[in-house]
Structure formats: structure tokens, C-alpha cells
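Next come the structures, one after another.
Next, two complexes with chain A in common: one pairs it with chain B, the other with chain C.
Our next item is the complex of A and B:
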């Protein structure tokens, strides 16, 4: 893991700068900028996801409690997962304990789909089932997934699972079935109706405030402000995937 | 006398043949047509003939629009079908052969894969993690933005 603090150093830096300047000018013209961001985020049901938005998450491992699994529980409830953690069980979020062997320091952090800008799972998918939506959310289209599991092998974060057993009593908003690969969707069904992902909501509701979700393209969003002002880490930044999930304190 | 016996035998034979050849009442009616329970509300999203012939293409188009582009209109959504057509006995569209989807599909012998992944029952009305009403206060995404900006 290497320090990756300077998001503007990326290829989209110019665009980010441009948007930032544009937003500042427009914000000044319209007075309260709040309305502007509200308009930018709200999307009518008939409108497709926009590339003007990129959803991301910032996880502060200093606030992430050792032994706390509120995010995992909320994820399991929302997505109808069993909660088992065996090698053949589906996990969208894995709670990891990482120990630095040199000094014994222990971190606890949730590892989930990193929603990469250049996702290896999408590169290797032979059918096009693995896909990145315009707003940066990486998904599996189960209608055309053949269950070959190439994406599971390609993912550097071990973020994907395969449904081995028939599934019943799904959440009507989260279809899941045997024979498909699946992973964290940033709770896309909730994001599309302007709600936070279940894990972030649970983390906030339980007072941990370790997870921050928002639009990386909006320079005024809480997540962009935090990334700008504080150091953060992209896991396996050496791969150049430009992940949508960033960590602090590791 | 022999001639009379011959005619008698022929008459008996023809009579028996006629009885055997007459189809039973049940066989004459063929397989019963599926009986569909009426859905909730006044009318379906399209007229019955269109729905019968084209529901599968509507669902397929809607599925790709929703899955790939995040377009979540409800007119042709599968969730919408389930909400109106879940059976009164089972609460499902595909639990038994009497339920809405299965009634026709069993009759036509066309296998359905939808229900391998999709829920056959509508979301429960009770508040809970499933089917929870959206927050009344604007958008939490917006709230996060406001908080972030004010810090």
C-alpha cells in the first residue's frame, strides 16, 4: 500500500480543476451553493446514471472499531446474505484485521468492492456481464453472467463471491441467484433513490462515523473535501486502478 | 334365420364401436385454460392483448435499462408486476401452478428463469430493512454535502 493523497495528480485532474472552478463561479452567482449540489445529485427515475457523478467511499480505520461489524450486518440484511463467512459463502464486505508484524500495530477495516475506475473484473469478463455504470459503480449483470468466475480471479481485493446454492426469499430490490458472481453494489438501489448505502447508514447510526460516502466529482462534497484536506490511501495503488474506495489511517 | 343372426351381430358390433368411439366429456374439453386471478388496481400498464404477446420484451428492455443505466421507471418493471399480481392465497406470482405467472407458463410449457433470482413476493408493507420508506428530510447525500461544506 502506498500513500495516495493527491487525487488531482490523476489523468482527470484537469477536468476536476475545471469543474471546481466552474462550481465556484456558479455557486457565487446563485448564492447558497447547497441548492446547486442538490440539483446535481437528484436524478429523475427516467434519467440514466450520469458520468458527471462518481460515487466513492472514504473509510477511516482509526474510527473503525476492532470487533465491530455493524456495516457487515447492515449489508447482509439489505442484500439478503446469510452472514456466514466460509470460503463458499457470499460476503460483500469482509471485516479484516491487519497486523503490522514489525511493530504489532493492529488495524481493523472493512474490505469491499473498491469500484475501480479501471476495473480488472470488467476487463476479463467474457460476456460483458461485469460492467461499470456511468457513475462509477461496478456491477454484475446477472442476466448474462455465466458464472465462469474469471472476475473473481482478476480482482486484487478478493471482493467478489460466487452464489453456490439456490437462493429464496430475496429482497425484491436485490435479485440474487445461484450460478452468478456477485459483489458490493454500493447499494445501487438505495443510491438511485438518494439514500446512503446500508453500511454507511449503519456506521453513522451507531455513532462510529468511520464511513463517508459521496460524489468524488463534486469538489464541495464532504468526501472530496476530506480527501483534499487529509491523507488517504488507495489499496494497491501500484496497480493504477484508481479505486473509488479510499482508506485513512493505514 | 342365419341372415337375421348376421344382421344382429353387425348391429351389436356397430353399437359397441359407437360407444367406444364416443369421447368422454373431459377429453372433449381438452386441457383446462389457465384461470388467472385479477390483479390489483383498475387496469394493467398496457391492454391485455399487448401484455399477453409482448410482456417478455417489455421486461427485457426494462431490465437492461435499469441494470445498465440505472433508469428506474416503474411502468414496465418486474417488481411492479409482482406487486399487482401476487396471488391472494400464496402472496406470490410463482409459488404454485395457480399463481399468476405459473398459470400460463405451466399451460404453455415455457420454463421461467426470472424467479431463480427475483423475489416472487412483493416487499412487506411493515417498516423494516426491506421496503422501508425513504427519509422525509431531503436527501442524506445532500445532507452529507451540506455538513461537509459547513465544516
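Our next item is the complex of A and C:
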């Protein structure tokens, strides 16, 4: 009997040891994933975008170089755009020069899709091709866009273009197509790989640091900290769209 | 077979029928040529761009759609409000409504960037989009007005024409409200974003639809060497006069409300004073040719005896209507978006400048093709079915007494 107890005691000890080891191994395997998710929002391709995140951009016009168009060039390269600026050519991002009519003060700033919380383009799209991802990125589903251009009529920022002619030499990651509407995607393919949008990366690379990209929902992110510490402007704030892109220095 | 059936003609004129069908057919072929060319090469061949995204095809399409709902008004006055002379015209009115809506929709569909995805437009609905609601209204209009036509033209089903006519009347009000709201719901653009758009489109549809009806009716009477009774002509011309006056009133109120808001002044200055072709089309096209001149003609002393005067007035209303659509649709986009009020703006994407628009042959072919589709359908319908108004003068006299 006592031998049996001893045996059972040994078995209990082994079981405890086994569970401890198992838990440690499982923990070690899972922890980096959990930690990474918390820090950098990484997710597997099959996982949907999370509503816990809202991607946003802060543009400091004081740092934006007058005459610099590195962000535009980087965007064109990343998205396979021609870079031509005719009235029928696609532009995802453009340098906008504005001059205060009262005092003559000038600013130069990049203008792109503002990735609104309440995007008018999404509201008006008849088929639902214009859509907002859970993480706030506004996109066009090229499979169901019928090319009616109503979203272009509705966008307050003139951020959208219509593909007027057949497209060749595409970046496979950024499929485009004649007859569909397109606009800035925050380089969603890069963001999903935890990279910065091409324009932001180019702006950082040339040392201007005028564009800050990050998670607006994360109070510790650089963009949230910057928005908290300095005043910023929402373009056409009167429309109440709660844009994901904000400006400083205007 | 068509050579033997000519319900709406006292003497068969097959030559005239085939000539008209042929002429309409050529215009429709032109539209198809434009469609296939654009389908292959893209909209790069048109004058439309990233600034003027809706151009001449949309001017014709929206005019046809608005006039289609308006032309049904003739039937509604008969079925819903029980007026005898309009009852006699209800079948022609319903048929014209279907033909014009088909013409307008043909333009819209063939101008799409991806017309091959029409099935997507019919199967994916974003119910927050007024454009999606329009598609439901268009499809429903075909079904309801089609049914209404059957009840009007089949003796056994005549009793149902009143309730279905009432539904058709409500449906057409919904349809034009939705069409006006396509523009009214564009919050960002100075030229649109107005609750006035929907009622203004409804009242304009009354005028455009009745004008189209009068032109078609006059042509049908002329081919049959018939003359329209003076009392009927007098009533219809007075009604057109009321609709034109009401359209002018709504136009004035629309611009007055804009003038009341300081942020809209620049847009009003553009349309009313400094907009070049848009200002000219507004004052000369929409107001003078489409409003004041027809009003003066319709209320001139000899107008009640002169079908010619009424016909000219109706044609001027149609021309004015197309001018109004051009000012509303193209003019509203030509005026630049103001991203930073109080700032001058410039960029490689044509910010801050009034956008130029020069339609190419393809836009004209698409636009006129819409009229061609409506025309061909009308010619074929009046050949195959009995659409010539049959007036019952005894009832008319009793109604007058």
C-alpha cells in the first residue's frame, strides 16, 4: 500500500514536472507572437485587419521641403504609376502649394487620401467597392468597382483618380486596372508587412522627417504622442469626417 | 408583319416607318461604336478626366432619366387625379417613360469604366448609397410602369389601372427624388450639397417630361393629318406654362439659398457672373431659352390656337433642360474644390483652377445614342401598339361643364 502511495506520489511528481515543462515550452512558443502583436500589430495573412488599430499620418508642413517631391516619386515607384501629370493621369499623392490670402504665408504639403473615419467615397459607392478596412485604411475593391466615378464626385480632397487607359508594367503587389477608380492605400501591402508607406520612408530617408505614420489608437505611438503635444489641423474639418491624415504648421 | 400593322396611322406609311427606324438605328450604332472603342482604349479618348469625371454622356443620361419620370406625369394626372384628357394619353405617356428611361440608362451603363460588370451593379448593393437606391428605383420603374401599361391597354385589366397608376406615381416621385439626391448628397462640392436638389429635379421633370410628350404627340397627330382639339391644346400648354414657372421659381430659390451662405458666394459668382460657358448656358440656355421665351410663347395671345407655337415652346424647354443639366453636372465639377478656405491653392493635380472640359466625338455619340435608343423604341412601339390618344369628347364636355 505504502509502495503504491510512493508510486502514486512519484507519478504525481512526474505529471507536475511534465505540465510545468509543457507550459514553459508553450509559453516560450507563444509569447513572442503575443508580444509582437502588442508592439507591432503583426498578423498572419489570413487574419483580418484589426479594429484595435487605426492607421494615421501626421504631416508637419514646417518640415516639408518646398520643391521636394520625394514622397510623390516614391509613391509612383511603389504603385507603378507613370508620374505623368496630365488631367487624365493618376496621382495618389501630390504636392499642394497653398498661400494664405490674408498675409501671403505659403505652405507646401503633400495631399493624399485622408483615410476618413466616415469616408464620403464609401457612403456613395453603389456596389460597396469603396470600403474602409477595420484598421481605418480606405481602399477600392478592384473586383467590384464598376467605374461609375461617383466616389470621385464625393471625395472632398480630390484624392481619387480614374484609370483612363490600359495599364502595363504593374507592380504585382498593387494591381491596377483600366476603368477602375484608384487612390492612396497607405501602401497597405507594406503596412501589412510592418513597413512604412513608401512616401513616409522616402521623407525619412531624405532627412525631412515631415511625415509620421502610426497607430492612432495606441496612446504610446509616436504619432499619438505628437498629436497630443502639438496642435494639428484636419483638412475640411467642417465636414466632420475625422480624417486619418492630420497636418501641423498650417 | 410591321408593314401590315399601323395602329396609330390612318394610312399606312411603311416607308416613313422604316426611314425613321433606320435614322434612329444609325444613331444607336454610333453609340455602340463609341462604347466598343472606349471599352478597348479606355476613357483616355474622351474629354472627361480626373477633374470633370462626369461629362456630356451624363448630361444626356440624367436629362433622359429625369424627363422619363416627368413624362409619366401625363398618365398620373389621368389615373391618379382622374382628368379625362390625360387618361386618353396615359398609354403614350407610360410608353415614352419606359423608352426614355431605357435611353438614359443605356448611356449611363455604356459610359461605365467597367460596363462588363453590370451584373455586379445589379447584385452588390451598398444601401447607404443613393446611387444604389437609384438602381432599385430604375428597375422598379420598368416593372411598375410596364404593369401599368398592361392595365391601361388591356380592357379586362382596366380596373387595376388606378391603383397601379397610383403606385407608379409614388414610385416616380421616389425615383426623381433619388436622382436629384445623387447631386444633393455630395457634401463636399459647392455646386451640389443642397436639399433643394431633389424637389427641384422633380419640378423640372414635370416641365421636361410634358415638353417631350407634347413634341411626340404633335408629331403623331401631324403624321395622321389630325389636329389636336383646341381645348386640349389649351389645357396642356397652360400646364406646361405652370411647370416652367415653377422650375424658374425653384432655380431662383436654389441660388438665393446659396447666396445666403457666405461660403457659397464664390460658386454663385462663378455660375451667375464669371463662369464663361456655364454662365452663358445658365442665363441664355436655362433661363431665357428654357424658361422665359417658352413662357412668353405659351401665354401669347394666339397660342391656344397655334400648335406650332406650343411645339416651339416645348422644344425650347427641352433645349433649356439640356443646358440646365450641363450647368448643374459639368459646371458643378468645373468649379474647383476648396480644400483650404481662405488660401490660394495650386498643384500638379489642377487644384484651385477652374477645370476646362471639351467633349470629344465619343461623348457626343454616347449622349445622342441615348436619345436614339428612346427614339427607336418609341417608333417601334407606336407602330406595333395603339398609342394614339383616343379622346372622348362627350366626357370632356361634361368635365368642362
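Methods note: the second predicted complex is superposed on the first by the 210 of 250 C-alpha atoms of A that agree within 3 Å, B and C clash if a C-alpha of one lies under 4 Å from a C-alpha of the other, contacts with A are read in each partner's own complex, and residues count from 1 in each chain.
In the analysis below, contacts are C-beta pairs under 8 Å (C-beta built on N, C-alpha and C of every residue); 3 or more make two chains touch, one makes a residue touch a chain.
Just so it is clear, the structure is predicted and the values come from calculations on it, not from any experiment.
Student: With everything superposed onto chain A, say whether chain B and chain C fit together or clash.
Tutor: Pair status: fit.
Student: Quick one: is A:135 in contact with chain B, with chain C, with both, or with neither? Answer first, second, both or neither.
Tutor: It touches chain B, and chain C stays clear.
Student: Examine A:188 and indicate which partner it touches, taking first as chain B and second as chain C; both and neither are also allowed.
Tutor: Only chain B; A:188 stays clear of chain C.
Student: In the overlaid three-chain picture, which partner chain does A:51 touch, first (chain B) or second (chain C), both, or neither?
Tutor: Neither partner.
Student: Name the contact category of A:205: first (chain B only), second (chain C only), both, or neither.
Tutor: neither
Student: Tell me the contact category for A:178 with respect to chain B and chain C: first, second, both or neither.
Tutor: both
Student: Quick one: is A:166 in contact with chain B, with chain C, with both, or with neither? Answer first, second, both or neither.
Tutor: It touches chain B and chain C both.
Student: Closest pair of CA atoms, one in chain B and one in chain C, after superposing: how far apart in Å?
Tutor: Distance of closest C-alpha approach: 10 Å.
Student: For chain A, which residues belong to both interfaces, chain B and chain C?
Tutor: Correct list for chain A: 166, 178-180.
Student: Note which residues of chain A are touching chain B in the complex, please.
Tutor: Against chain B, the touching part of chain A is residues 33-34, 37-38, 41-43, 45-49, 74, 77-78, 131, 133-135, 139, 141-143, 166-167, 169-173, 175-180, 188, 191-196, 198, 201, 212-215, 218, 220-226.
Student: In their shared complex, at which residues does chain C touch chain A?
Tutor: Against chain A, the touching part of chain C is residues 41-44, 49-51, 53-54, 112-115, 117-118, 120-121, 124-126, 128-132, 134-135, 182, 185-189, 333, 337, 339-340, 342-351, 355.
Student: Going by the contact rule at the top, pick out the chain B residues touching chain A in the complex.
Tutor: Contacts found on chain B: 63-65, 67-74, 79, 82, 116-119, 121-123, 129-131, 134-135, 138-142, 144-149, 151.
Student: What residues of chain A sit close enough to touch chain C in their complex?
Tutor: Contact set of chain A toward chain C: 85-91, 94-102, 111, 120, 122-129, 144-150, 152-158, 160-166, 178-181, 235-236, 239, 250.
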